[in-house]
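You will see two complexes here that share chain A, one where it goes with chain B and one where it goes with chain C.
Up next is the complex of A and B:
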């Protein structure tokens, strides 16, 4: 079914991040303050994928324009390649190798965004690497625009947005919020589209805009992280964890089956 | 000075995470020799005061009004700012739940305060708080330092402390707030439609992204059917449209309390684990560093695709013998 006519030509910004895939085994590096990035598969942050999908849908419905932005080391450009392949019109990479927390990231990103035109900004609810869940809302605060987090659906008409936000435990809430606005996205109305390899290759050839902090007038010495990592560890397993082993898969399955018998569920 | 906790409640009851948070808050308040303050906001919520006092609240700041019927973090924010103008808070604790993803960073920004989010434990060393954040979906724990600030805002994962009864002073201060407007207006609050109830099953077979593609769900469904188990899944599976939301376990969905929870190809993001209240958790996962192994009682490190068909066959054979 075709959607109702809505506001025309929405200008949309989506902030994206390149993060280790959920199934990757992570190793802490020699500094003890970071993970080893080499040899780890990275992917578009899951929540950013939904943010991008929601942004692309609104862009298409309103014949609008979508700019994807990523901040971080050079390899984060891959997130922008994916965004372009899926239909973003523009992509901006803000090259920054240094240490940052949500406070610093939001300061820098807000500075960049003030140089752009926008109606709606989408971010993921959180990045699955740092799990801070702050950057989106802090960017909105710095831009002095409204924000809603844990958004699962956005509709736009007459310069206003109607959004669904999840409160947890199966309860959601519908809100009306004026434009401009930022949404920290938990999910999207439609499942994220797939970026075929051909489009990825084409997007890579297209290139993107690369900026350094000085290009947007950020003096990084003046923006200090408020939270710094001292030491990383891997969490302890439950003391009572029993690894079910066996010479073969059959034996493992038999051993597990015995556990089910023991617990009285078969 | 004090430690402050926001009382989160729904349908007339305090959330479990709030009681855990109060237990931690009480511990911190005792160590820092200051009162534990609880902010209680809502429409007709004063009946919760007794429970708060029983769980250690020294001061309760009560704000009631029809406008607080739904949950609007932007209204809460204004209330918080009023309260903080009155009292210099040392520490404000929030639960790291969806409802606080607007409120906590927003408050930090307005107050120019440090906000440390998603902490899995808090210790006190020489009168100073030592904070441990959960990162990479729970695979990594990071001890952090932070810029001191008043207040210091912290959000905490569920399970940070065990809920306990300890009587507080229970002084109630009612705060009247003049009506005000915010840009973000709540129009309606609704519950997702309910279907099959997975919360009552004795055994739950759950799967996550490790399943690979939609067709493989039948493999899991086959095992669940043989076991007479409820079929459950993680958030991405629902977002992909592979299963209905009534099968979702976690913050966004149901809390299940079976005898056995069989987690197949589930990495164990905290958003999922918070929905598991099982006597026994059994995990099957290829990744030996998967966070699900932190909470599991039994684990098989291996490929679920090799394993599930064989297990299904054992269950079938066992049933034939009965």
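Up next is the complex of A and C:
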């Protein structure tokens, strides 16, 4: 369907991903090419939280409609439950258990999005598990719409968007971009809202649309990944322990100070 | 060594495990404490929740479907994706189920149902739990099919198949200990039979011995004192000693130890093994009151397959163990035929008379019904869907199917809670291997069925239990066979 430029009743899509929580210690599985998912706590990708917040704010300001989308294994539905609990109007889960890279993900997501009406698509700047930041750009390219990365604030008027994006070194720029558009979000104007437990439970009872690849006409064998993970490694840990000794507390403190001085900490 | 694989328990999970192990080349023995097979599955409705692509696939799996049946049987949803299944599972378990384990069940459910079909397990439309309206039969959402002949049918077909495969079953054989070697790998079981205690050795042991619902001591300890005197819907033999034997060698306890599956059942049902005929599932069309004549739950929260466990729990926790379903003549045809059993149904021409017969305060019941009737919002009543016809301004609300109770004769059914299975169990990985308290595999030990924890919390969606038992049974059997 054709995108529909407007300032009122904006149709917003937010792409979200369920990623291992930052505090988790990750273990590489037997294949050496993936992490062990069992027993690992997952959470909504941090940047997607900002994307969702910007999307929800615009939806509320323009009395619009927000659809959250997640693609991946069954447990990625949890990201959509969070999105619904925070205020998404509906949510679509595309079930895909197989391996994929940003190219495959964007191909599938773009295919789904062409079946929906939209004005603005939000993604997080990147997913904290893969740190690629590619899916948003590729989706925009495949939909042939403009995209802006590292967005921190979006305002909409007269069918146009004014966005602030962050450059390096604390410098930011303000851009004017027509609708439809995709924003890869770095942060949001307001801090991401909290999803209360009761709303999460209620969200589980609300219509979460569950699709398989064949429902959107994707033949996965025809979509070849461009990147194959060869090997995954965890960071090497250099363990060192130094016991600071001294005859008195003063001497111990002086010795500690010297070590810190040597290391350039003070 | 006499056997490659010993399976403990001859219920649905155990029989599936044994047949799978045999198919994968193992020499198998099944030991069963009871004098007969079936475990708790025997007393179930035999429902299997699995993914399907459309009505045609259901017709194919059922076989020999007539045009008239296609016309009358409403399969809703018409298609059931893996995502739908996951969403429905997590909805009722409030997102607590082990996502890795349930994904295995969901992703393989269709394949495993087809495997059961290949073993000559016949499937039929689950009309027993359907809503019938006019000439339409609304099959339970997500579980349009069950084993022909319900739980007993399922076990009969599975036993036939196991017999054809030449799998021996030792009945009256109770496992009292798991035998381990110096590395804590399981190498067999110690069993107690009438003629004494003996040891059976194998390369792998699959635990499929069910929960501890028939053990009053464990029920009181884990579920709480109010569960001590509850009726048992299923087998009297599921007393948890195999679970304890596994915990004793360091297996990891996992799941909702204080949770159980239960259902509203007829107050006059026998104390155990009353099967499905004691279930009282027409409550979405009633007003449910406690012994004081007051409402205590949302009768129309969801279709009964998704809500009956919660209802059973609330009867214990909020109504003190006894509660009454009150209907009027408008919904008479929606009351399931099992209600006729035990002669418990009470009929009266006025609410006062009904209260008198039931022995509950007449004034309070009248007031409850009148307040309820005033709160019923207009709308179209449709038992086949969540019709949203609800109440306004009363607590608890009735979220769907809210019809007034005003047309005599009034009908009441006294109910209590029947426990089906407990939810606390052992932790397994996706290969059905039992893990120890450090999360490491206990070599030679597998589990499937209700003895597995982490699948169900609070409640469950009908048809998931047998499906999970069959799926992890199949996986346990295949992997245990590899140990030989």
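The criterion applied here is as follows: the second predicted complex is superposed on the first by the 229 of 266 C-alpha atoms of A that agree within 3 Å, B and C clash if a C-alpha of one lies under 4 Å from a C-alpha of the other, contacts with A are read in each partner's own complex, and residues count from 1 in each chain.
Everything that follows uses one rule, which is that a residue touches a chain if its C-beta (ideal position, glycine included) is under 8 Å from a C-beta of that chain, and two chains touch if they have at least 3 such contacts.
Computed from a predicted structure; not experimentally measured.
Considering which of chain B and chain C touches more of chain A, the answer is B. Within the superposed three-chain model, A:95 lies in touch with chain C and out of touch with chain B [touch as defined at top]. Of the two partner chains placed around the shared chain by superposition, neither chain B nor chain C is touched by A:247. Within the superposed three-chain model, A:128 lies in touch with chain B and out of touch with chain C [touch as defined at top]. Of the two partner chains, chain B is the only one touched by A:168; chain C is not.
Once the two complexes are laid over each other on the shared chain, residue contacts for A:144 go to neither chain B nor chain C. In the superposition on chain A, A:239 makes contact with neither chain B nor chain C. Of all the residues in chain C, the ones that touch chain A in their complex are 81-84, 86-87, 90-91, 94-95, 99-100, 102-103, 106-107, 429-430, 439. By the touch criterion stated above, chain B contacts chain A in their complex at residues 10, 70-74, 96-99, 101-102, 104-106, 108-110, 114-118, 120, 133-147, 149, 183-192, 194, 202-203, 209-210, 227, 229, 235-236, 239-241, 245, 251-255, 259-260, 267, 269, 279-280, 282, 286-291, 293-302, 306-307, 310-311, 314-315, 318-319. By the touch criterion stated above, chain A contacts chain B in their complex at residues 20, 22-26, 28, 35, 46, 50, 102-103, 125-126, 128-134, 137-138, 141-142, 146-150, 162, 165-178, 184, 186-188, 191, 224, 226-238, 240-244, 249-250, 252-254, 256-257, 259-261, 263-266.
Per the touch definition, chain A reaches chain C in the complex via residues 37-39, 73-75, 77-78, 81, 93, 95, 97, 200-201, 204-205, 208, 210-212.
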